[in-house]
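Chain nomenclature is as follows: A, B and C, assigned in order of appearance, with residue numbering initiated at 1 for each chain independently.
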Amino acid sequence: MIHPTAIVEDGAIVGDDVSIGPFSIVHANVTLGRGSVVDSHCVLGHTEPGADPVPLIIGAEARIRSHSVLYGGSRIGPGLETGHRVTIREDSEIGDGFRVGTVSDLQGSCSIGNYVRFHSNVHIGKCSAIGDYVWIFPYVVLTNDPHPPSDGFLAGVTVEDFAVIATMSIVLPGLTVGRDSLVGAHSMVNRDVRPGSVVAGTPAVDRGDASAIQLRDGSGPAYPWRRHFRRGYPPEVVEMWMAEFADEPT
Amino acid sequence: MIHPTAIVEDGAIVGDDVSIGPFSIVHANVTLGRGSVVDSHCVLGHTEPGADPVPLIIGAEARIRSHSVLYGGSRIGPGLETGHRVTIREDSEIGDGFRVGTVSDLQGSCSIGNYVRFHSNVHIGKCSAIGDYVWIFPYVVLTNDPHPPSDGFLAGVTVEDFAVIATMSIVLPGLTVGRDSLVGAHSMVNRDVRPGSVVAGTPAVDRGDASAIQLRDGSGPAYPWRRHFRRGYPPEVVEMWMAEFADEPT
Amino acid sequence: MIHPTAIVEDGAIVGDDVSIGPFSIVHANVTLGRGSVVDSHCVLGHTEPGADPVPLIIGAEARIRSHSVLYGGSRIGPGLETGHRVTIREDSEIGDGFRVGTVSDLQGSCSIGNYVRFHSNVHIGKCSAIGDYVWIFPYVVLTNDPHPPSDGFLAGVTVEDFAVIATMSIVLPGLTVGRDSLVGAHSMVNRDVRPGSVVAGTPAVDRGDASAIQLRDGSGPAYPWRRHFRRGYPPEVVEMWMAEFADEPT
């Protein structure tokens, strides 16, 4: 299941039932879990010229779409799913069930929790810290330099569990987007986002509690989203969320 | 004219005078019209693992630039022109003379009319409906989820004929951008855009009729743009537009 | 150091100690300086079908990362460094020590000075003119069409020496961003930016002198940034900047 044009270097550890597409490169520093499917034109385990290769460890059942580049030096849990042309740079710790869309760019030295979802064309600055079950939508940028360009002051953004950042918003360096909060589309966040709140605008202002936003079908609050949206999460997670909202009239 | 390193699977239907560049892949489910030119490192007819391939039908004289990925399941008229690293996903119906710039990402299940122009780095959410002769400029996002993340509520954006959406603007889910209207740059559209109007800002507000905007050379109104801009359209279309504005002093 | 799967056409002039990665293409119209390192899946010297190839001249010690596409017709000084999937189109004049991040797109007919730094996902419209030591951050777009779509009126943006444009800002056509100025993040610039000023907002308004912004560590003004940030510049440049600020108490 390794295409004859693919280059898999000696030393690469490739699990059972792995498929690697045409014109893809798997360097010697890569461990790729069983059942993974890598499309064409990818590069796994990229190392800069002159640097010593360091391990890239990818868990089982990864799905890596074409033209993606993953650097050596990161550890990624099972169930990774990427779009096309994704970049994941060095020194990141990424949990289970991570999904990241086409053209998204993780700049390295990030921590990413479990079951995080990034849509297409997301840019995650170095030193960002992302919790569990976070959602980030297209053209969002997490910045890290308070006075660009500066040196020695890199201040990554923190995004807490279940937070949602909508399309084309940016978060300024060093800020925290609180648990269960929502950043509205096309916003510029220049202060911490209160847990459970919704913020929007340029600069983003607090618009109250996200739980006040109602679903269009009248079935109740849209946030926390795990109240009604559970597609693609593992059964034990879904059960936990069902229990959390068991008292609700849904 | 098929490069020896290209992979053209048995079953692919490739017209006369087609050129396919190095390291490109044309899957068995592809029909590629005569006179088409495909650059290097492309993937035509992408199918997800485990799914049944469905046809990708591309009309004559297509020009597909390098590193582009087109999924199975769409039908594209003649005269397609893509930039580099374009993604066109499944289940889209695309008219004649479609041009789409580098890194643009069509997420699938869209309808796109005739002679539509997307510039670089445009993101078209699932279920968008685009009319004829529409222009969308770089870093525009058409969204579709009213309460991200939600399920079963996908509400694509409608963009009517001749509408223009300028750089780095977003349109919220389910809205309509009216015929002959203009969305100014860096805008956040959160209500329907009146036909023939210009809107701008975050959120975008109605600034009057687009026809009040004058060309800098003093030759008359800048909108509707077909009054003065006709480059690259077929002769019968240009004639129609000339007739429409024949009474004007231009 | 040319990988056996790479395609280097007869006529290409490749300097000593050049490395070219797997599945990359170097066309006959390319001159690539000594010591350059080109990753996999790149295209150097792209020419449109039917056009005559024109030279692409790249100086010594270039570092071109994977999946990048450089057109024929540009001249680039020594010390180029690109991210992945960069596009540099035709007819650009680019100085020494240019760095440009992943997915950035230079649309052609631009002039770019010495030691310019573009971060990831920057879009530089045709006919832009960039001075020396400029910084442009992710998701910035320099536009060029006053009345999109129009014809014969292309008006590129001018960015003067040492100017900084922060994340997700756009500059409208024909404007000048002055020397030593700072455009704040997520801004829409619709008038010239005064040299040495800071502007921000949609539309961007003058917020005073950039030199009033203090570094967080209390060591003095953050701008002009060359007062404190000198990493990666050549020794003779650093010496010049040290002399310029020699009277300061730093």
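In the analysis below, contacts are C-beta pairs under 8 Å (C-beta built on N, C-alpha and C of every residue); 3 or more make two chains touch, one makes a residue touch a chain.
What you see is a predicted model, and the numbers here were worked out from it, not measured in a lab.
Novice: I want to confirm something about chain B and chain C. Since they are copies of the same sequence, is their interface symmetric in residue numbering (over half shared, so same) or not (under half, so different)?
Specialist: Different-residue interface.
Novice: Suppose a student superposes the Cα atoms of chain A on chain C; what rotation angle should they report, nearest 5 degrees?
Specialist: To bring chain A onto chain C, one rotates by 120 degrees.
Novice: Starting from the mean Cα coordinates of chain B and chain C, work out the distance between those two points in Å.
Specialist: One centre to the other, that is 28 Å.
Novice: Can you pull out the residues of chain A that are in contact with at least two other chains?
Specialist: As it turns out, chain A has residues touching two or more other chains at 5, 23, 41, 67, 85, 103, 121, 139, 168, 202.
Novice: Going by the contact rule set out above, which residues of chain A touch chain B in the complex?
Specialist: 5, 19, 22-23, 37, 39-41, 63, 66-67, 83-85, 102-103, 117, 120-121, 135, 137-139, 164, 166-168, 185-186, 201-202, 213, 215-217, 222-223, 225, 228-229, 231
Novice: For a test of understanding, state which residues of chain C touch chain B in their complex under the given definition.
Specialist: Listed in rising order, the residues of chain C that touch chain B are 5, 7, 23, 25, 41, 43, 46, 49, 67, 69, 85, 87, 103, 105, 107, 121, 123, 139, 141, 143, 146-151, 153, 168, 170, 172, 188, 202.
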